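Structures are listed in the sections that come next.
Two complexes come next, and they have one chain in common, chain A, joined by chain B in the first and chain C in the second.
Take a look at the complex of A and B:
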């Protein structure tokens, strides 16, 4: 049996989405910027997608900009905002647990003269509104705080941080790549928000950025002036349409699907509870994520053993000196013990997992933890 | 990513067992979270039995099993000549970026250094 439990990495495109996207590849393939009927019909799909996505986020359609995914959205939001408003420097607040798409941008900005504060999470994996407030300086111009952490699944206190940012007139961006399609969010809490289609059952290579009206932002790359000049490049109509269809499907089935995933997670957590000496990493986690470590078992070995039994999970840590990834910067920031950092695996469920798959997974998990422990 | 040969070593090790040993040594790579101990039962300069315990990445476990398979029954002089290439061939794993396969080799060398 093959079981996919790495939905935080990417998801399988819904069949309905794939069929819809195929229609755009083969029937409505016009360039959305062309001024003929082929172009107009493609444009109609594109703008309808924008409207549907805006509705999902509780924002206006002209506040949605299509991009190639999360990394591009994060870069445009952060760099584009600074370039337009504070080209000569300023203070930025972010967290130690951001995705590299934000962290690496922040590091680059430091080299360019900006000051950056990286908020430290608690050992439960979230940053506190109090720490956010304390980090604010007179010259703080931007904050970028992720909505849900990709490794632990911990939901960050965006609503409280939003209030504080508003009190101080600080523009707030959020990388919501792991939140969209999983939890209901009100994008109005932030000024800019990044999302990636392939994390919510749409194709890879598409995403969007929400930018609240009134926020001035400049492009970071130049070309034909698409997306009101913010993101040049031929419109990815199939991608935009695929994202809209995927979000519609999730919205329509959300209660039933999310309840089912919650029960599957409960089943896994109950099975983990039967294994002694484990540590579940993070609290207040999203219903689809479990990040767990087992004492006496290396995370990469457990993930590999599961893979050899047909089960795909992920591990954040790999041999430090030989691998680009190294140890998990998220778990290290949480100051967890070494065995927890080295032992962690991430199990991320999706709407398409079955109970039968989870039964198989927990059986193999218990067996492989026991086997690997006996070797140490 | 890994070959069938590697999978056999990692998933079905024969030498992860308890033995009555005469020599043993441990090597730790703290930065990787890897720890390997090799146990040897040596009689008249012959490896009569060998075993390992390992906590670490898949490559460390597979390399430990490979080392044991390569030295079981061998004369100590032959064991001394065991090197990384032999182990990588036995594992069918040749990515030189991963140096962690050396951990069990180092443990073996430490253990046989005590043989008089």
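Take a look at the complex of A and C:
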């Protein structure tokens, strides 16, 4: 049996989505910027997708910009905002647990003269509104706080941080790549938000950025002036349509699907509870994520052992080299003990996992943890 | 997971010489601070020859596989011969390792050499 439990890495495109996308590859293949009937057809799909996605986020269609994915959205939001409004420097608040698509941008900005505060999470994996408030300086111009952490699945307190940011007139961006399609969010809480299609059962290579009206932003890439000049490049109509169809499907089935995944997660957690000396990393986690460590078992060897049985999970900390590069910056920031950091595996469920798959996974997990423990 | 050879996976799944030796002639534990891997080697030595070797490991799949292969290679060798075995010999015998995992084979060799030195030092003191 092959069991895919790495939905935080990427998801299988829904069959319905694949069929819809295929239609655009072969039937409605016009360039959405062309002024003929082939182009108009494609444009219609593209703009309908924008409207549907906007509705899903509770924002206006002209606040949605299509991009190639999470990394590009994060870069445009942060760099584009600073370039348009604060080209000569300023203070930015972010967290130590961001995805590299934000973290590496922040590091680069430091080199360019910006000041950056990286908020430290609690050992439960979230940053506190209080720490956010304390980090604010007179020249703080932007904050970028992820909605859900990709490794632990911990939901960050965006609503409270949003209130504080508003009080102080700080523009707030959120990398919501792990939240969209999993939890219902009100994008109005933030000024800019990044998402990636392949994390919610749409194809790879497409994503979007929400930019609230009134927020001035400049492109970081120049060309034909697509997406109101913010993101040049021929419109990815199949990608945009695929994202809209996927989100529609999720919305329609949300209650039933999310309940089912919650039960599967419970089943896994109950099985983990039967294994002594484990540590579940992070609290207030999203219903699809479990990040767990077993004492005496290296995360990477457990992931390899599971892979040999057809089960795909991921390790946050790969033992990759002599330099501590391979360790998870998220779990290290949470200041967890060494065995927890080295032992962590991430199990991320999806709407397409079955009960049989989880029964098989749980049995193999218990067996392999016991076997690997007997070696140490 | 990283792409491992069939042989590496076989040694990971069925490690040779796994466990401990009661009253060993030498033992050593080494760890890699960077990646958190740890292993212990136990030696039984007669006439300067390794007649038995066992290991325990807390590490990644490559760590377990390289330790297992190392024990197979050095069992029966004289101490002088064993000291000449390098991490490259182990990697070759396994049919290769991803380069980021070379340090795992290093750990296996380091632990073996540490155990041999411990034996030789105790011998000198006697």
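Note that the second predicted complex is superposed on the first by the 371 of 376 C-alpha atoms of A that agree within 3 Å, B and C clash if a C-alpha of one lies under 4 Å from a C-alpha of the other, contacts with A are read in each partner's own complex, and residues count from 1 in each chain.
One rule holds in what follows: contacts are C-beta pairs under 8 Å (C-beta built on N, C-alpha and C of every residue); 3 or more make two chains touch, one makes a residue touch a chain.
Just so it is clear, the structure is predicted and the values come from calculations on it, not from any experiment.
Taken together in the superposed arrangement on chain A, chain B and chain C clash.
Contacts of A:96 after superposition: neither chain B nor chain C is touched.
Judged by the touch definition given at the top, the superposed model places A:85 against neither chain B nor chain C.
Contacts of A:308 after superposition on the shared chain: both chain B and chain C are touched. In the overlay built on the shared chain, the residue A:33 is in contact with neither chain B nor chain C. Of the two partner chains, neither chain B nor chain C is touched by A:212. When the two structures are aligned on the shared chain, A:338 is found in touch with chain B and with chain C. Where the contact sets of chain A with chain B and with chain C meet, they give residues 296-298, 300-301, 304-305, 308, 317-323, 338-339, 341-342, 375-376.
By the touch rule above, chain C contacts chain A in their complex via residues 1-2, 4, 9, 12-13, 15, 18, 32, 34-38, 56-64, 100-101, 103-104. Residues 296-298, 300-301, 304-305, 308, 317-323, 338-339, 341-343, 372, 374-376 of chain A touch chain B in their complex.
Within the complex formed with chain A, the residues of chain B that make contact are 2, 7, 10-11, 13, 16, 31-35, 53-61, 97-100.
Looking at the complex, you find that chain A touches chain C at residues 296-298, 300-301, 303-305, 307-308, 317-324, 326-327, 338-339, 341-342, 375-376.
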